[in-house]
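As written, the chains take the letters A, B, C and D, and residue 1 is the first residue of each chain.
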Amino acid sequence: MSLQSTSLQTRDMPLGRDDLARLVARDIAPGSFVNLGIGQPTLVSNYLTEEQNITLHTENGMLGMGPEAKGDEIDEDLINAGKIPVTELPGASYFHHADSFAIMRGGHLDICVLGAFQVSATGDLANWHTGAPGAIPAVGGAMDLASGAKDVFVMMTLLTRDGASKLVEHCTYPLTGVGCVTRVYTDKAVFLTGPDGVIVRETFGCTLEELQELVPLPLQSAAAVGV
Amino acid sequence: MSLQSTSLQTRDMPLGRDDLARLVARDIAPGSFVNLGIGQPTLVSNYLTEEQNITLHTENGMLGMGPEAKGDEIDEDLINAGKIPVTELPGASYFHHADSFAIMRGGHLDICVLGAFQVSATGDLANWHTGAPGAIPAVGGAMDLASGAKDVFVMMTLLTRDGASKLVEHCTYPLTGVGCVTRVYTDKAVFLTGPDGVIVRETFGCTLEELQELVPLPLQSAAAVGV
Amino acid sequence: MLNFIDTVGEAVAGIQDGSTVMIGGFGNAGQPFELIDALLDGGATDLTVVNNNAGQGDQGLALLIKEGRVRKMICSFPRQSDSWHFDAKYHAGEIELELVPQGNLAERIRAAGAGIGGFFTPTGYGTMLAEGKETRIIDGRGQVFETPIHADVALIKALKADGKGNLVYRKTARNFGPIMAAAAKHTIAQVSEIVPIGGLDPENIVTPGIYVNSIVKVA
Amino acid sequence: MLNFIDTVGEAVAGIQDGSTVMIGGFGNAGQPFELIDALLDGGATDLTVVNNNAGQGDQGLALLIKEGRVRKMICSFPRQSDSWHFDAKYHAGEIELELVPQGNLAERIRAAGAGIGGFFTPTGYGTMLAEGKETRIIDGRGQVFETPIHADVALIKALKADGKGNLVYRKTARNFGPIMAAAAKHTIAQVSEIVPIGGLDPENIVTPGIYVNSIVKVA
């Protein structure tokens, strides 16, 4: 494998959460319909531009979701999937839960962005359950998004607090979906996942060689494979 | 079998189509949600009273259908299942086809009234296809109504033009639904059908003995079985 | 991506030979006559058409059938007093018919839009329309396995669209429009009126713009 | 039959021990708090409850769970920062949990209302939530067989009802209300306002009155 790391390194430093969210936002094609799940991925909404004309979907029954509600805008009947008060943009629509999940499950969303515990080389996703004994499992809409969206992007730190890679050959946590993740955005690199293995699109504050030291599966350089 | 015909005969003459429609209308419980199919059963709507507070459903997406539209009321966007212009009553609602058939298929209609070629002793219905070679089959919503409504009433003449009974031991025409018909309203009698056989509720212009001559399956008297 | 298109001809220009085309409407209500006429003019052939009926009189879908452009009809009620063009093609063995109970037609279209791989329904159990199909008894009732109907294109008619492609309909003209819009890869809607973004109440949208690709105003 | 009822207590009085009760709402939006409180006061126990969550804080469903009235929860997201009453009962082995992906929960409820005997979906395929379930490959995708969720009673919250029982909702408080109303044998709706027949636009009804049995106005 040819590791052409210099051409991939786009930043001197690992990315913070906001920089990562900005990067994901920049990568979303104009006019897309997008679901940002709950937690960290919702930061992406802060960096979408008006020119991009992105329509945000929330699983609890809305297209055209606006930014988080502040002060007088707060309305208990208008919340997102994380149960945080949000606002409504012009051109929004409301629908019931079966219609909302039909949008997700029917393949109509262009992109969903999710957090993850682990992603495998072939795009398996584990993000709902640690599998720890006694842990109460809760899945919400994660499996529907994983299996339904045209593209599933993951946002996560590359390493656990213990320094283990979350990008793995095979997930050890219970799966959310099989072969569903197409891109993984981490603080140290952006990876493209799929049936042909893992391709590194760019690195942040490390060379490809250094990255390969951290990740226990073979990495290919985007420059080398011509992506 | 004890044939107590005198107590069942309620009219001196066979019923005409309008008298039959009036009888069906009278038998519909107040507050019911009803679908009247197409053709002859739609006559029933002429005899429903305001006090009955019946809500009519039409398969093409409406609850609260009113009478046929006349003159200036005619609106090409407001038709019934027979494609005849109709009107809208206060409290009506419109919905799309999947939602409309969910009402029918989900068991939410109290009664549907359908025409028939044949009904069997156990309530099998044949009303969509003669089975004749070269005939173009057309089924519409008949099978959904037959399998979905809580009660399926049939309105038909008892005999074909050739004098054969349409109430039969086993249907020879292709089936619309199995064991679905609960009542059969004919010009000569009202029959209750079900797993226990055929019960005659009342006769028009004939005795039960005379009726039994016409129908090739054992008839029980409602008076005798205590219905 | 959503496009507002000036003419019905341009709107249907991308429809390929061999496509599966859903056409909204029940009787005349909700039929996108202008889009169908444009499809007739456009020349696409070898089509599979999904519609409740199989054309009436000498207009719209009936003409498409007459001209031999429809290889197969998927419908619930092809036989009407004025469906002579379908009748002729059918008796000549020149058109294929998949006859589907109307509720199965609606539910199969809905299933395609909702990502359902197939479902069991009591409708049609024990009838010739279930012959050859998988069946099972569920909670004591015989049920038939039915599969989704996907389409390349849907041609539908709505009352109004806003700038986001959200649609509202009028009375019983709503019928198949919303479920076909969700089941097709590319949905083309003819509307009577286009209003600005914000011109429709978010509570009353029937078809969200995510399901709509092309909108053309028809006078 | 539709009844307009004066108090939430009378509205829930008929709910029997052992019933399956669907409760609308996602977070606080659309939760029929007053009906849940009345159910708590009414004493029915051994309930199976269908809700997206498993109660939050010290109110509503959480209290019903705390009081030991819920035998089984069917939900997608029981674990929240303030779901301590469910947590305690779960760890004590005093409540059964059927964990369902949220889209399967919605679709299974919808299937019950629409008379569908079961359906195949890709959601959950290859995960532990599909263990023991029938699967098949359809069009190259692994799919899981899921069955309808019926209920004896649905408790939902809507914005307005008209005299025919037609309902409209408000913003994301709509969520599970419409599908639960259709899936339950008996649907009880608490509303903020009751308007006369004709007071709601027929184009904008979300839940037709055919799905509603009891309506109670909550100030």
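The rule we apply is simple: a residue touches a chain if its C-beta (ideal position, glycine included) is under 8 Å from a C-beta of that chain, and two chains touch if they have at least 3 such contacts.
Values in this document were obtained by computation on a predicted structure and should not be read as measured data.
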Could you tell me which chains are in contact with chain B and with chain C alike? D
For chain A and chain D, which third chains touch each of them? C
Could you give the separation in Å between the centres of chain C and chain D, each centre being the mean of its C-alpha atoms? 33
Separation of the C-alpha centres, chain A versus chain C, in whole Å, is 35
Let me have the rounded angstrom distance from the C-alpha centre of chain A over to the C-alpha centre of chain B, please. 56
Each of the following residues of chain D touches two or more other chains, namely 107, 110, 114-116, 121-122, 169-171, 202-203
Note the residues in chain A that touch 2 or more other chains, in rising order. 62, 88, 94-95, 98, 101-102, 105, 148
Pairs of chains satisfying the touch condition: A-C, A-D, B-C, B-D, C-D
Across the complex, what residues on chain A touch chain D? 58-62, 75-79, 83, 88, 94-98, 100-102, 104-105, 129, 134, 136-144, 147-148, 174-178
Tell me, which parts of chain B touch chain D in their complex? 31, 33, 55, 57, 63-64, 88, 90-95, 98, 101-103, 105-109, 148
Applying the document's contact rule, which stretches of chain C touch chain A when the two form their complex? 1-2, 110, 112-116, 162-164, 166, 182, 197-198, 200, 202-203, 205, 208-211
Quick one: which bits of chain D touch chain A in the complex? Just the residue numbers, please. 26-30, 76-80, 86-87, 90-91, 97, 99-104, 106-107, 109-110, 121-129, 142, 169-179, 206
As the complex stands, chain D meets chain C at residues 107, 111, 114-122, 136, 138-139, 141, 143, 147, 168-171, 201-204
